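In structure tokens below, several structures.
Below, subunit A partners subunit B and then partners subunit C, in two separate complexes.
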Partner chain A sequence: MSIALAEDVWQRPWPQPQRPLVFADAVSEPVAVVRPMVSPQSTASHPLWREPTLRRFAELLTLGRDWDRRGSAAVRSDVLAFAYSMLSQVMAPSTLPPSIVPLGHGGVQLLWTNTSVEIEVEVIRPNEIIVYELDRVTGIESEWSATNELSGLGDLLRSAFTR
Partner chain B sequence: MPVEPPRDPDGNTLPHDHAEIQNEHHVIRHITPYDLFPDRQTHVKRVQSGAYSESSDQHGGMSVDIEEWMTTDGLDTLHYVHDPSYGAKRINVGELRAQGFQVGWDSQPGNPHHGAVWGIGNGSKRKRRIAALAVTIRAASGEGQVDDPGGGHPRREYYFRLGPVSACAKARVSAARVRRRFSS
Partner chain C sequence: MGVQFNSLDRLLAPHLGIIWEEFKEQYPETEQHPPLDPVFETFAEKGSRMPVPSAHFELLATIPTPRVFFINSARTELIQVQRDRFHHNWRKVGEGDAYPRFERMLESFEIEYRKLQEVFKRERIGSIEPNQSEVTYINQILLPEGQSPFEAFERLFGSFTKALILDDVGPPEDTRFLLRYIMRDEDGAPIGRLIITAEPAWKLDGSNIVQFALAARGKPHSADLAGVKSFLQSGRRHIVRAFTELTSDEMHKIWERKQ
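On to the complex of A and B.
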């Protein structure tokens, strides 16, 4: 008798039948998983300015020396490559594309206008640009050279020419 | 024959103010369709200041024709503007010199009336000074005209052609047609 009682003590009770919904009711603890940053955040579509800008660049690349019969140099491909790389740095995806004209020395001029401001960027050669800004309201104009520091230009474009 | 301009040992014309190009004279700058851009407000194409840039030649200035010298030789102001799509601007020499630019003679093969404006350099500020002095003699192809307003998008083009009120009216008529079709 005593042995039987001792065995009952050590014997685990048979588990009770569980309600069928017990697993569906279970709620797991939320686990925060940090998304790995392997590259800068990007948009799903191409920037709005890219297609018209590349189309214009392709057009300008066809211009040879003295294309205007005014003695202008051919538009330099390294200038266009630099201009594209610069735009990629300073433009937001929805920034309006610039108007682009070729210059006599083989560089290009990029232009953005609206009712309050005009911005002209002259790309003379890679890493050599001059930014011109006209405040149309006050009439104040300013011009500065920029080589590697493009944040000022980027701020201007994003504030005035981004939808 | 005017006094020969100063030249470097290679024969390139050096920047100078030619004494026989007087302040009352004018120079003609050719404008190409590539110099135009559409104004975002008006959609009208106008000349970008880059049209007044110097050439890439050694000591190169901005290429111009000297109008009064051409007239003296019996030539029309637009004699050297061969391309029908090109336009031309007239600029007073005295006003250019007052802004600190030099205006000299830079004869070219086939164009003895060719001159140059020196001192423009890089950047837009000085180019815009010249643009402000320039008067249109002949518009380049597309200059002063409304650019394709919709950028090729037929609906936006339609909107600009009709104007906002007409476009709205047209949209209402279309909506009514659709409603009638689905209700019948």
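On to the complex of A and C.
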């Protein structure tokens, strides 16, 4: 079985904006949109977290069902798509990539850790996440849930895990 | 208009035939297309605020369940079904085709959504748990013979294009734009995005057009049909306002809009 993802999609020069009108594709009468050729960008670069994160997502997608021999669900592609959208919002270009582990219900857990703080984000379903924060210095823990508004998580990651 | 829901992994290609049986009388034609990737509008307002670079999450070794179109005899209305989406669309095919109005479209969408939900339940495929909804208007504006795309933009979008004319090289040969706005609820919390594009294009018959598209997309107000409908209604209101504010008086006259 091939484990490759559609890598050609990833190799486009960044920034490659999200296609703005995906839902409407192929509905109206076909038209050819004329986009002029421009030189490849030489000053833009990928965010540092992007490549290792996508590589890990690719690994997770190959796991399939029962990957732990305990009956766990396969990692859901819509969970990964949501996690990617979330990271694109909360991560600065130089934020460190998370460790990513699969969960039994088809979701994933993202982890960032250093000597002073630990952050875990459980992505259960699209629009359904739980954030856990441990201040290793004071021992104070906090946990909250979020949907699609992720400013609090972004603040944490940029202050503690951005070079 | 459409809804994206949590992926139903038990929905396989044979189920699409069973679903078609439910819609066949009204939509006797079919087409098959590759599935669309999931799209999510997420927010972190102190974040980078950059557009999201695209990525595609699917194993090449697996066979994707296709997206199917069920199309009416006039080919003006269609529904789209795939593992995580349901859409109802209207499109102009002939010159005499008149847009059936948003309220009628929403009514059809609601009836078909309920029907789909029943099939999913009956066939033990799962239930629809909406995570995004979207309403889109696509306007294709024909360019008169000899008019450049930029002249069309001046005509359609009014005075702001004047600032784009440079002293030494004159007006741009052509132009395009992509605007993204954040939609908010009564408390100011972000709920979705209004995305507007305008760009030159040509139709298969060779005529030149400007394609002006407005889409409102975001998390439904609640993860059920009522929440989806509510989002579609507010999205449509934003689109109508944006259309009115962004386009010129001449454009309004083309669409016979009242000021």
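One rule holds for everything that comes next: the second predicted complex is superposed on the first by the 120 of 163 C-alpha atoms of A that agree within 3 Å, B and C clash if a C-alpha of one lies under 4 Å from a C-alpha of the other, contacts with A are read in each partner's own complex, and residues count from 1 in each chain.
Quick note on the criterion: contacts are C-beta pairs under 8 Å (C-beta built on N, C-alpha and C of every residue); 3 or more make two chains touch, one makes a residue touch a chain.
The structure displayed is predicted, hence computed values, not measured ones.
Asks: Scan A:S45 for contacts with subunit B and subunit C and give back first, second, both or neither.
Replies: So A:S45 meets neither subunit B nor subunit C here.
Asks: Of subunit B and subunit C, which one touches more of subunit A's residues?
Replies: Per-residue touch count on subunit A favours C.
Asks: Touching A:E120 in the superposition: subunit B (first), subunit C (second), both, neither?
Replies: first
Asks: For A:T138, decide between first (touching subunit B), second (touching subunit C), both and neither.
Replies: Neither subunit B nor subunit C is touched by A:T138.
Asks: Between subunit B and subunit C, whom does A:S72 touch in the aligned arrangement: first, second, both, or neither?
Replies: Touch status of A:S72: first partner only.
Asks: For A:F82, is the partner it touches subunit B (first), subunit C (second), both, or none of the two (neither)?
Replies: Touch status of A:F82: second partner only.
Asks: Looking at A:T62, would you say it contacts subunit B, subunit C, both, or neither? Reply first, second, both or neither.
Replies: In the superposition, A:T62 contacts subunit C only.
Asks: Between subunit B (first) and subunit C (second), which does A:D155 come into contact with in this model arrangement: first, second, both, or neither?
Replies: After superposition on chain A, A:D155 lies in contact with subunit C alone.
Asks: If you stack the two complexes on chain A, which partner ends up touching A:P93: first (subunit B), second (subunit C), both, or neither?
Replies: A:P93: touches subunit C, not subunit B.
Asks: Looking at the overlay, does A:L103 come into contact with subunit B only (first), subunit C only (second), both, or neither?
Replies: first
Asks: Which residues of subunit A are in contact with subunit B in one complex and with subunit C in the other?
Replies: No residue sits in both footprints.
Asks: Enumerate the contact residues on subunit C facing subunit A in the complex.
Replies: It is residues 2, 4, 6-7, 9, 33, 36-48, 50-61, 78, 80, 84-85, 87, 89, 91-93, 129, 131-132, 134, 136, 138, 140, 174, 176, 178, 180, 189-191, 195, 197, 199-204, 209, 211, 213, 215, 217-219, 223 of subunit C that touch subunit A.
Asks: Help me check something: in the complex, which residues belonging to subunit A touch subunit B?
Replies: 52, 60, 63, 67-73, 96, 99, 101-106, 108-109, 111, 113-115, 120, 122, 124, 130, 132, 141, 143
Asks: Where on subunit A is subunit C touching in the complex?
Replies: Going by the criterion above, the answer is residues 1-6, 9-10, 12, 14-36, 46-47, 50, 54, 57, 61-62, 74, 76-78, 80-82, 84-86, 88-93, 125-127, 147-151, 153-155, 158.
Asks: Taking the touch rule as given, give the residues of subunit B at its contact with subunit A in the complex, in rising order.
Replies: Against subunit A, subunit B makes touches at 30, 32, 34-41, 48-51, 53-57, 60, 62-63, 82-83, 122-125, 128, 151.
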